[in-house]
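First, the structure itself, so that you have it in front of you.
For reference, chains read A, B, C and D in written order, and residue numbers begin at 1 within each chain.
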Amino acid sequence: MDYTNQIREIATRLFTEDKIDVFVGYRMTGFDDNQVPALIRDPKEVSQLVFTDKSVFNLTNYLKNEHTRNKRVGLVVKGCDSRSLNLLLTESQVKRDKLYVIGIACEGVIDEAGNKMQNCMECVVPDAVVYDEMVGTPKGKQGYQVNADIHELASKELVERRAYFEEIFENCIRCNACRHSCPMCYCAKCCIDQETSTLYNGANTKSSAFHALMTWSLHLAGRCVDCRNCEKACPSHLPLHLLHKWNERVIFENFQEHLAGVQEGDRGAFYKYSMQDPNDFIM
Amino acid sequence: MEQLLVPMICRIDKMIQETPDVRTYRLKFKEEGLMEKFRWMPGQFVEFSLLGSGECTFCISSSSTRKGYFDCSIKKAGLVTADIHRLLDEGDYVGIRGPFGNWFPLDEIKGKNLLFVGGGIGLAPLRALIQYCIDNRNDYKDFTILYGARTSADLCYKDEIKEWQENPLLKVILTIDKPEEAWPTNVGVVPKILEEVVKPVIENTKVITCGPPIMIKYTIQSLKKLGFADPDIITTLEMRMQCGLGKCGRCNIGSTYVCKDGPVFTNEQLRGLPDEF
Amino acid sequence: MEAVANKQLVSIEKPEIAAPPDWEPVIIGILCNWCSYAGSDLTGTSRIQYPPNIRIIRVPCSSRVDPWFLIKSLQTTADGVLVSGCHPGDCHYISGNYYARRRFLVTKKLLNFVGFHEDRIQFSWVSAAEGPKFAQVVAKVTGDIKKLGPLHLYKKENFEK
Amino acid sequence: MNVETFVTDKAGLVKFYEAIIANNETYAPVEKFGKFDFKRVLTLAECDPDSPITKTMSAKPLFFPRSAKILKYSADASGTDVKETDEDPLTGKRVILGMKHCDARGLQVLDKVYNWDYIDSDYQKRRQNSVIISSRCDKAETHCFCTSLDYDVENLDAMDVLIVHGLDGKIFIKARTEKGETFLKANPIDPASGIQHSASEEGMKKQYDAFAASFRLKMDYKNVNGKLSKIFDTPEFENVSASCIGCNTCAFICPTCHCFKISDEKIKDTGIRYKSYDSCNNGYFTLMAGGHNPRPVKYRRWRQRAMHKFVYYKERFGENLCVGCGRCAISCPVNISIFEVVNQVATTV
């Protein structure tokens, strides 16, 4: 997958037609084959832009950034990124008319070791769902499948699962990088983030990590688009996707196959309800 | 270091509601004999902790020449100060660490004319120095206090200001930002009154100013316009702090630690710092 | 496709430390103002006995219950939590409990997934007229939690037993 | 200091490590979720003293814990009672295996800030009671640039015992400080394990040369330091920080970042006060209660971090705060490298 030329062309065109102020894309780091998100304001720098299967980071995160606020933005989105963009639009966090979205028909991105990322192998929406312009050949929607890790963990005993998660919470260093890198976390005052909140447990203990990660994942339930920004940001390499994928699974099975941000105008699972929702777990 | 961060317990002896959102807490150490050992200079600050809510930095607003107690004036502004206002009353206990920081250059201002320029809660650090200077009145020459607030209700230490006004050795000028009925004197922001009403003598005068950042900025501009030299303008900085020990890194401005090298700076020193305060 | 999430998770919780003989569980009951709280009132006025282990918190509506409340309860004093609201369709705010129902399911499943027995968190619909039902519900929850023993998982340090 | 150098082979080193772990309270990198963190170990099998730097957390938390209890308090009608926590910082001796030389240097740098004015006695105690055994890296990783900075990597004395994996398979063990010397004497090297005295240190020198040659990143430190101190107001900082998402990962894993916050956890009338890590990249780091924030925008916070590392600390304490381990660049979710940024700012402005 290499759309570098197309993206450069589009960006140049947008700048010459004066449609955008900032273009958010990827560029090479300059020292290895990884990529850095680039916020390009100068048309001369367009030649830095690239797009390959190393373009991992979800760029919709930058829409909460002060560099893009109240500006006309050109944005590159993959399938999963476009789902988060979709949700940000329904939640009125960005204005559609300020955005020029370049949708990618994504074939999956690779991790540092060069393997295809797990979320790409299980991807439901490889093609961007919100776009002004599409790059690549769309593949269409894929079937939803159970995350392999979830499948394995769910078949384990409660005690084993507990031991596994205790290890996760034990190894959390409470840097809150997961929350900061999440495109769906845009609250100015976050309830797990430091100091701004009275609910906050700042210490790095197992208990407070449990509190923070659980609250965070429940606030993202029905909104997480599985872009794995959080996992990329986690310095302890914690498998944070387990919490989100489990919630996604519960929601998919119980709430009319809801998947966050797949349809335009569709809200998160907790912002709507149905008469068919399960009731048998309630006395 | 953890021991250095453990506060000593103080009892609130008296609580004075200065304005709707400013209270002065008069504190005494719970432990016998600590009060006598606790020594501070005007301009220094303490870490005031309401256990369970957190710790905040406040300057000591009374002078060490008034023995047996010390005051902290607290304005309701953030989470902890809101809790302080909500929860603390006379007889309650709080934690105190300190005193930290440097103090006003007492030796340098000896034998000079003094001009205090305060705004709002910014009078609190000045009050410590004013009390100190009143108690050593003979060391100083002319003595002018210019104090402004948004409204007459926002003027702190009203009783004390009355005392100052009655004192023939002091000149007190008050001002409020917007006109009000039954307000006898000046109306206008502090820098304006400074230029138009106070008209200070520049020779042999030291100016000590404190207030909201924006007021300090314009006051310093006016002072410069009046002809004051940078070393003669002394101010105290407000900066977020957590430890007061020069470790936590919050109060860094360039390579300066406000909690150790400050909070009292002359304008000359401030000009050498990066513009991050 | 296999319904992984809805499959009953294997949940045998072994008590980590045997409960002391005189141990009584602490259960936080979060009740909606309009139905369940009135229902619990009726239980009292009708002089129906129910276990005293429940500590009641009144909230305006069951949809006021943020999942965070449950997490915080389990982290501090509680050995179990009961949330109760109006029956579906009876919500004072028209649809609050429908929203709440979704959240409850996900919270319960997630807490179960990370290692809490599913009986630690329970939900019920109790209307203002169902005094006896409230007593039954509390009795059942208390019984369930007594069987499970005290909760130690992720307790805050001040609350470690 | 004329210190003996020992030489051995792989098997000898394993025996050496095993003896240390058996006789001392030992901390070493233990793998969890693909990342090594320093933990108490009881056998050599559960840890990896030669873990790759790219996957190893720094050993800073052993000296400056991620969360330390300051006090416990309880309040009742008779007043408030504050207790210092019963937690003892560290009384026994301990050995730290597998610390990277840049981490060790990091501690040397941190000593300055912890020992000026108010002395952090807990940190001191932890420092004094720890013996650091560190092996020199074999080759530089993508983001490493320790040789470009203001310290001498070859003759670094931040670790107590240095282990060098020579090019020809020989492994050198050498005490670097007096503490290390006494440690080696107290743990006599077993002749049966094949550890001998070595007359020449040429192998060590050769290894260092090969190591130093493997660096891809090279910085003209004097130039960068001098330039940065003059260009506080350059708009270039705004450009280079644009892709930063402010996630703070860099500060939490940095071996020299030492900012902390104090927070209370209260339940009813009792509570605990903790001191835990914080980062200057947080928007509210300098936010004051009245709403005034000296560093309200990202590039200012970013500049503070870069300048503190490369200029301010040097001005104040005479050492460069960055030790060149490259961990921030490795962990950064958007692949920003502090080396690249600082270099770019210093060369383009």
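Just so it is clear, a contact is a pair of C-beta atoms (placed from the backbone, for glycine too) under 8 Å apart; a residue touches a chain by one contact, two chains touch by 3 or more.
Note that the structure is a prediction, hence the values are computed from the model and not measured.
Undergrad: Can you list every chain that touches subunit A and also touches subunit C?
TA: Expected: D.
Undergrad: Going by average Cα coordinates, which chain is farthest removed from subunit C?
TA: B
Undergrad: Subunit A to subunit D: how many Å between their CA centres?
TA: For subunit A versus subunit D, the centre distance works out to 32 Å.
Undergrad: Please compute the C-alpha centroid of subunit A, do the same for subunit B, then give the distance between them in whole Å.
TA: 48
Undergrad: In whole angstrom, how far does the Cα centroid of subunit B sit from the Cα centroid of subunit D?
TA: Taking the average C-alpha coordinate of subunit B and of subunit D, the gap between them is 40 Å.
Undergrad: On a C-alpha centroid basis, what's the spacing between subunit B and subunit C, in Å?
TA: 52
Undergrad: Could you pull out the residues of subunit A that touch at least 2 other chains?
TA: 195, 201, 205
Undergrad: Could you check subunit D for residues that touch two or more other chains and list them?
TA: 261, 263, 265, 271-272, 278
Undergrad: Which positions in subunit C are in touch with at least two other chains?
TA: Where subunit C meets two or more other chains at a single residue, that happens at 156-157.
Undergrad: Under the definition above, what is the set of subunit D residues touching subunit C in their complex?
TA: Going by the criterion above, the answer is residues 72, 265, 267, 270-272.
Undergrad: Can you list the subunit C residues touching subunit D in their complex?
TA: Interface residues on the subunit C side: 76, 156-159.
Undergrad: Across the complex, what residues on subunit D touch subunit A?
TA: Result: residues 32-35, 37, 57, 66-67, 142-143, 216-217, 242-243, 245-249, 251-253, 261, 263, 265, 272, 274, 276-279, 282, 284, 297-298, 331, 333-337, 340 of subunit D touch subunit A.
Undergrad: Can you tell me which positions in subunit A touch subunit C when the two form their complex?
TA: These residues of subunit A touch subunit C: 144-146, 150-151, 153-159, 161-163, 165-166, 169, 191, 199, 201, 205-207, 210-211, 214-215, 217-219, 221-222, 243, 246-247, 249-255, 269-271, 273-275, 277-279, 281-283.
Undergrad: Could you list, by residue number, the parts of subunit A that touch subunit D in their complex?
TA: Against subunit D, subunit A makes touches at 29-32, 34-39, 57, 61-62, 65-67, 167-168, 171, 173-177, 180-181, 194-196, 200-205, 208, 229, 232-239.
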